[in-house]
Every structure is written in structure tokens, then in C-alpha cells.
Amino acid sequence: MDSNIFFKKKNIKLKQLFPTQKSTTNFKVKDIKPLHLAEKDEITFFDSTKYKNQAIKTKASACITTNKLAKYLPKNLEKIVVLNVLYELARITKLIYPTADIDYPDLLLRKPRKTSYNKVKFGNNVLIGKNVSIGKNSIIGSNSIIESNVEIGKECIIGSNVILKNSLVGNNVVIQDNCKIGQKGFGFIPLNKKNIKFPHIGKVRINNDVEIASGCTIDRGSIDDTVIGSNTYLDNQVHVAHNVQIDSNCMIAGQVGFAGSTKIGKNVSIGGQAGISGHLNIGNNVKIGGGSGVIKDIEDNKIVMGYPAVSLKEFLKIHKKNNE
Amino acid sequence: MDSNIFFKKKNIKLKQLFPTQKSTTNFKVKDIKPLHLAEKDEITFFDSTKYKNQAIKTKASACITTNKLAKYLPKNLEKIVVLNVLYELARITKLIYPTADIDYPDLLLRKPRKTSYNKVKFGNNVLIGKNVSIGKNSIIGSNSIIESNVEIGKECIIGSNVILKNSLVGNNVVIQDNCKIGQKGFGFIPLNKKNIKFPHIGKVRINNDVEIASGCTIDRGSIDDTVIGSNTYLDNQVHVAHNVQIDSNCMIAGQVGFAGSTKIGKNVSIGGQAGISGHLNIGNNVKIGGGSGVIKDIEDNKIVMGYPAVSLKEFLKIHKKNNE
Amino acid sequence: MDSNIFFKKKNIKLKQLFPTQKSTTNFKVKDIKPLHLAEKDEITFFDSTKYKNQAIKTKASACITTNKLAKYLPKNLEKIVVLNVLYELARITKLIYPTADIDYPDLLLRKPRKTSYNKVKFGNNVLIGKNVSIGKNSIIGSNSIIESNVEIGKECIIGSNVILKNSLVGNNVVIQDNCKIGQKGFGFIPLNKKNIKFPHIGKVRINNDVEIASGCTIDRGSIDDTVIGSNTYLDNQVHVAHNVQIDSNCMIAGQVGFAGSTKIGKNVSIGGQAGISGHLNIGNNVKIGGGSGVIKDIEDNKIVMGYPAVSLKEFLKIHKKNNE
């Protein structure tokens, strides 16, 4: 079985992907994965010292990287040294997963068959793709679209006008009206006249007991997954970019935005309209004030506020100074 | 008739709700209301000195409160003294209104009958619940959903893809495409593994001559109502949380967010992307600059800007100082 | 043929529009246009010295303006001197285009006929207005609405739940789920009890190779058009107000908001949640940091950040000072 249930995969060998590289090995590429998840016969990529600790331990069979970074990688691994890692990654991902670079609408939708979902309640005009599984006692509101291969657990309440694609949803999850989950995120290699669209082959995983309010957008992962941890609650109009991983028991207020690949710990609360930059690590039990702009990592248990966000103590000091 | 037309109510007596309390009276609970609206045989709650003036005058028959606050309440009223007011309020609201804690999709929708709405124009695929009233000369755009018991006045223009629930809409109101109005707001009592969802039994009241642009979300009230005053205009992607009450003739620009229970006066103008914290009182004729973060009350006629928002004069002084 | 394909126009003569003006000429008004686009037999308006250079060269046959500004206009042009230019403009636009002041839902929608669109793929429940053209190999997702007279180029991917009206879309454009494009913007003349709604008779032009992510709202132009330049990419939940013109190859991150009539140059990148005030000119190759609030023009090649946005150098200086 293919490891990716959402995107059609082509069987291509390593040397076909990189015909000009002097690679010593060759294998049929099973998948493309991040450093810490890649296994035998899979390709990974390594483009920043930030991920050095993961690079050292990767189990991938080949890795796209730069001349500078190659030394951190294990010896028994094919190093594909290139000038632009993300460009090469986009290029081969497009070859292996040709339809993941654009959000092609699912054209296999149909009305749900009573026989396939006999313990699920549906509103009017619900559209369901192929191989969709929905757990018992779940309810799907009117005009909602569940695209092919999506999995929804039991006791879930999905509102009206919701679109779910490329997603795995746990049990007892509430998703309110008008949420759009699993679409392709904002990823491309800028070119002057016509950008190269980065194929996003990841998915969205929504764990048990999550509640997502109206009008949220949650993009699927690019190579890794986007994750909403169990018992985490999102208010209206929250934007979650690709690869963001929010851990359990978090409280995210309205209109908060997360840029790509940021990781949020457990029990984090974030006030309305705060923005979290990309590729950050936010610790456990952190509190971020409403309207803040977070541009660097935050350790466990900190309270921060402001733009750029600083500790609450510092924030109050600055504003006291301003008012003198 | 039940006072709440949107949620099914159970008939429960006070002593059944609080079996361990030594209450001196008992009565069939008619409803749960905020301090200033509660009447005989209704329960209210009082959890902050901020609402002391309303507590003194409440006409409720019982009030959930704390040991410290109980003294402010009238004598002829059953005081239910608890450790966590909101937790107890959530618990009994769930007992009285068992379906208000989750946005269950309306499963009684159907195509509008010509005979019931002979002076209303409908686009395609409109879905209407039970007991919906729509005034003459109103137009409802395609794919819109009007859930059971919603009331819409005359001469209203409702766009396409709109969802209206738990709402009373006045006359001559314009609601553009994709607005979601009346859904449950962001309310729960945090627990480590599975939050208690706070039932929201209020509604949204939209007064005459309001215009709401595309993609806004307006949550219904929790115990009180959410209100948009007459002739108030909202631009695209505005987020209005539960219990917010905006008075008449206000101008709210795009992507503004209101946290819960804040009150906005008349003739207030708010620039794009500004955020207003919860439980604030903003006076009449106030002007709030775009992008501001308002975190305290504002008196009538003030002009404020910045994060945190300060008077325009102060804001200019700070930025002059910064540039020295 | 009428120059405006989206709004029904009434044939009215100049003197009927301004019966109390002592106008020396009279003509059947062909259209209402901005200063730089107006031609013979068209009316324009001039209300700020900011547009002086365009006023000097206008080819309109009549111009609504003030006593102070009239002197900048060409001699051979009927000057309609009034106290409130925008009020008079709104009044006559409503007379000439009576249905442009409210987003009336298109009531002529139907399922697309195979014969009219034989090289286009449609999802389920797509609704199409009259005279819609869609280029070959384009795909339209389920539940999407394409209102009358919209033009979509070839090789376009339109997601599900999209609403397109008053819009011209180029080739190879991707518009993801739930975008609302072409609706009326936020325009009215404030009155105490019932605002005068400003009719918006412009459209949205989306050039080739544009990608627009989920949940964006793009308002049509008021008198001019709203434009998204070729190869420009918008992330989720971006808000583009009326008359905004974004040039080519721009990168706009999630939840950015543009107020009305602002112009953005080529190759501009804007970080998440930034807000750009109205009527500004942002140069080419400008970089605007996430969360910034831009309130004045920016020259070519500048990097700015903060609220209000200043040069990156200044921003770092201020924050170093704050931390001392």
C-alpha cells in the first residue's frame, strides 16, 4: 500500500530523479519525508543547521542537501548535493506526486449512500468523495464537502459549508461552519514570471476532542503534517499554515495566525489577533497576549506580549517609559 | 411559551440544579439571564465587582455568586454561593438547555415553499429551517442556509453562502456573501483533558439598516445577546465574539476583531485590523485607529491609536520620542 | 455596447443629473470614470490635490469638483462645482447605475450546460449566470457560483464554495476554496440614521498566473477597478478592499489587509497580518514585515516594519532603545 493515501504517486528510481548526479546507489523511491520520519528507500532534505540534530539520526536512504551541510549526515546515505535544496525538492516532489502542487477540486464527489454511513446523520446536499470513513454518531451539516480518503472519527460534529480534504480527524471533534481544512498551503519558489508551485504532500491531523470555530483555515503539511493536538480549541477565523503543529490543551482566540512550520507546546493560550512567525518553537504553558507578534522561540511557562513580543515585565517597563 | 425560541429547554426546579445547596426557596426555573434582564423565577450569576451596580438591582429569584460578592445582592433573592461561578453556570445551563453547548447542524432544513414566502425571492439551493419568518421584498442568495426559528425583516438582502442561525434580523439589512451569524462562540471551562463546553443560549440581534460585508463571523450571546445596532456597517472579515453589543451608526473596517462581552457606543469608527479586548466599555463618538489594540475602557469622544491604544496625542508623542 | 458589462446603465443627460447647475454643455452620459481613464462624454470627479497631475490631463467631458480644485482642470471641460464631491458622485452613480449600491444576488443562476462549456470540468452543484465565459481546461469546484458576465481564462483551477462576480480572470489562475471575489466594497456616505450606500460600478481584474489561497475577499472597484497583477500570490484570509491595485510578482502572506485605493508595486512581499492603509503608493521591490501597519507611502526597494511601519534600521534602533 502507498504510504500517502491522499496523492497519487509515480514509481520513479533515484537516478531518474537526479540524472546528472553521480549517485552510487539506486532504488525505487518509496516516499519523500522529513528528516526525523524518513525510512529506508525514502528521500529526505536538509537545508538548515537548525535541523542538524535530526540530520545526524535520519534513516532516509538519500538526502538533498548543500555542500556545507552534507557533513552532518550519516555515512550510509546517498547525499544529493545541490545549490538550492528547496528548488530540487519541489522539482522531484512534482515528479513523484504530480497533482499535489495545485488544489484540484475532487471530481468524484457524490451524495452519501445510506448503506455506507448508516450511523451517521447528514444535512442536505452533503458531498462525499471515495473511501471516506466517518465514525458512528457523527453529524455532517448541510452543503459540506468531505473529499476522498478523509477519515473522520466517531461522535464528531461537522458544521455546514465545511470543506475537509487531505485530513484525518479524531473522535469527538467539533468543526463549526465554514472551516476549510486540508487545502494546499502557501508554498512556491519565486520566479520572475511564473513561480514554481511547491507540491504539498502532507495532511492535516486533528486529534480527539478538538473544537474549531467558524471560518478557520488549516493548510495541510508540505512534506510533514499539520497537527492540531487533542483538546485544543480554536476560535473564529484562525489561520494555520502548513506544517504547524499545535500540541494538546491549547486555547487559540479569534483571528490568530500561524506562519508555516511553527511548533506550539501544550497548554498554550494565545490572545486574539496574535501572529506567530514561521519555524519557531513555543514551549509548554506559554501565554501570548492578544495582538502580539511573536518572532522568536519562547521557553516553557513564559508570558509574553507586544510586537515584537517580549516578556510581560519588559512590555510593561517599555510602556511605562513611553508614558513618562 | 418558552422565552428562548432557539433552544429546547428542560423544566427543572432550583433544588434539582443545586442538590447540595441549602436553598430556602424552590421554583421551576424559567430561564437563565444576565443580572439586568433576569426576572422572577429566573436564575442569574454575578462573578465580578464590575457588575456590582447591576447586581444591586437584579430582579432574579436566584443568583450564582461567590462568598465575597453575595453581600451586594438584594435580600429577597436566593444566593447560591459557589467556588467557581462560571463552572456552576455552565453546569446548570447544560442541564436546562442540553443542546446549546455544541453547534449541532439543523437537520430540519428544506427548500423554501413558495406558499410560505410568496413575497420573498430566493436564489438556488436555499435551505430553510422550521418556523423561519422572512419579511416581504427580501432576497436570499444561492446556497444560503436559514436555520429554524430565525426571523428576517422586510427589504433585506442576504447574499449567497450565508448561514444564519439563532438570529433576529431587522428591516432593510444587507448581509453579504459568506457571513456566518449566530453560531456558538468561544466559551469553555478549561480542563486538562477535555474542556467543559459552555452552552451559549443567547442569540444575535441585528437591527434595522445594518450592512455586513463578506466573510464576517458574529457569534451568538452566551447568556445575554450579541447585538449590532441600527445603521451600523461592518466591512469584510470582521469577527464579533459572543455578547458584544455594538450600538447604532458605527463604522467597523475590515478584519477588526471584538473579544467577548465588550460594549461599543454610538457613532464609533474603528480602523482596519484593530482588536478590542473583552469586557470593555467604549463610549460614543470614539475613533479607534487601524491596527490598534484596545485593552481598557474609552470615554466618549476620544480618539485613540496604538498597541496598547492611547490617545492620539500620546501616540504621536511616543513616536516622536522614538524617532529622536 | 455599454462599457460596463456588469451593471445595467440608464441613459441620462448631464443636465438631468445636475438640474440646478448652470452647465454650459449637455450630453448623454456614457459612463463615470476616474480622472485618468475618462473619455469624451464621460463624467469624472476630482476631490483631492493628491490627484492634481491626473486632473490636468483628464479627457472627461465633465468633472465633479470643489471651488478650490476647479482651477487645476482643463478649460474645455464642464466643471460641476459642489460642496461634497463624493456625495454628488454617489448620487449620480445611483441614478445611472441603480443596482450597483447593494450586492443583489444573481437570480439567473443555473447548472452549467455541457454544450456551452464542453472543455471545462465542473464539480457538483456549480451555479453559472448568463453570458459567463470559461476558457478550455479550466476546472470549477463543487458548490461554486460564477455570476453573470464573469470571464474566466483557460487552464484555471477554481476551488469549491468560491463566489465570483463582477470579475475578469486571466489564464492559469488558481483560486482556492471559499474565496469571495467581486462583491461590493465598504463604501457609503455616513448619515445619522441611514447611510447613503456608495454604488460600486468597477470590477475585479485578476491577471494571468495568479494564485489566491482559501478564504480571501477581494472587493470590486468603486469607480476604478481592483487589480491583482500577474504571478502575484495571496495566502489565506487576505482582505483586498475596493480599487486596490497590486502589481505583478507580489507575495502576500496570510491575513494581510489592504484598505481602499492603495497601489502596490512589482515584486513586493508582505508578511502575515500586515495592514496597509488606504490611498497609499507602495513602490517596487518593497518588503513589509509581518504584523506591520503601513500608514504612509513607501519608496522602491525599502524594507519596513512596525506599527507605524518604519525602515528596518529605525525599527531595530527603537527596539534597542526600548530594551536599555
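In order of appearance the chains are A, B and C, and numbering begins at 1 in each one.
Going forward, a contact is a pair of C-beta atoms (placed from the backbone, for glycine too) under 8 Å apart; a residue touches a chain by one contact, two chains touch by 3 or more.
This is a predicted model, so every value here is computed, not measured.
Think of subunit B turning onto subunit C: fitted on CA atoms, that turn is 120 degrees, to the nearest 5. Comparing the residue numbers each copy contributes, subunit A and subunit C share less than half of them at their mutual interface.
Distance from the subunit A centre to the subunit C centre is 33 Å, each centre being the mean of its Cα atoms. Looking at subunit A, one finds that residues 125, 143, 161, 178, 215, 237, 255, 273, 307 touch two or more other chains. The residues of subunit B lying in touch with subunit A in their complex are 102-107, 109-110, 125, 127, 143, 145, 161, 163, 178, 180, 183-186, 188, 190, 192-195, 197, 215, 217, 219, 237, 239, 241, 255, 257, 259, 273, 275, 277, 293, 295, 307-308, 310, 314, 318, 321. Looking at the complex, you find that subunit A touches subunit B at residues 121, 123-125, 139-143, 157-161, 172, 174, 176-178, 209, 211, 213-215, 230-231, 233, 235-237, 249, 251, 253-255, 272-273, 290-291, 306-307, 319, 322-323.
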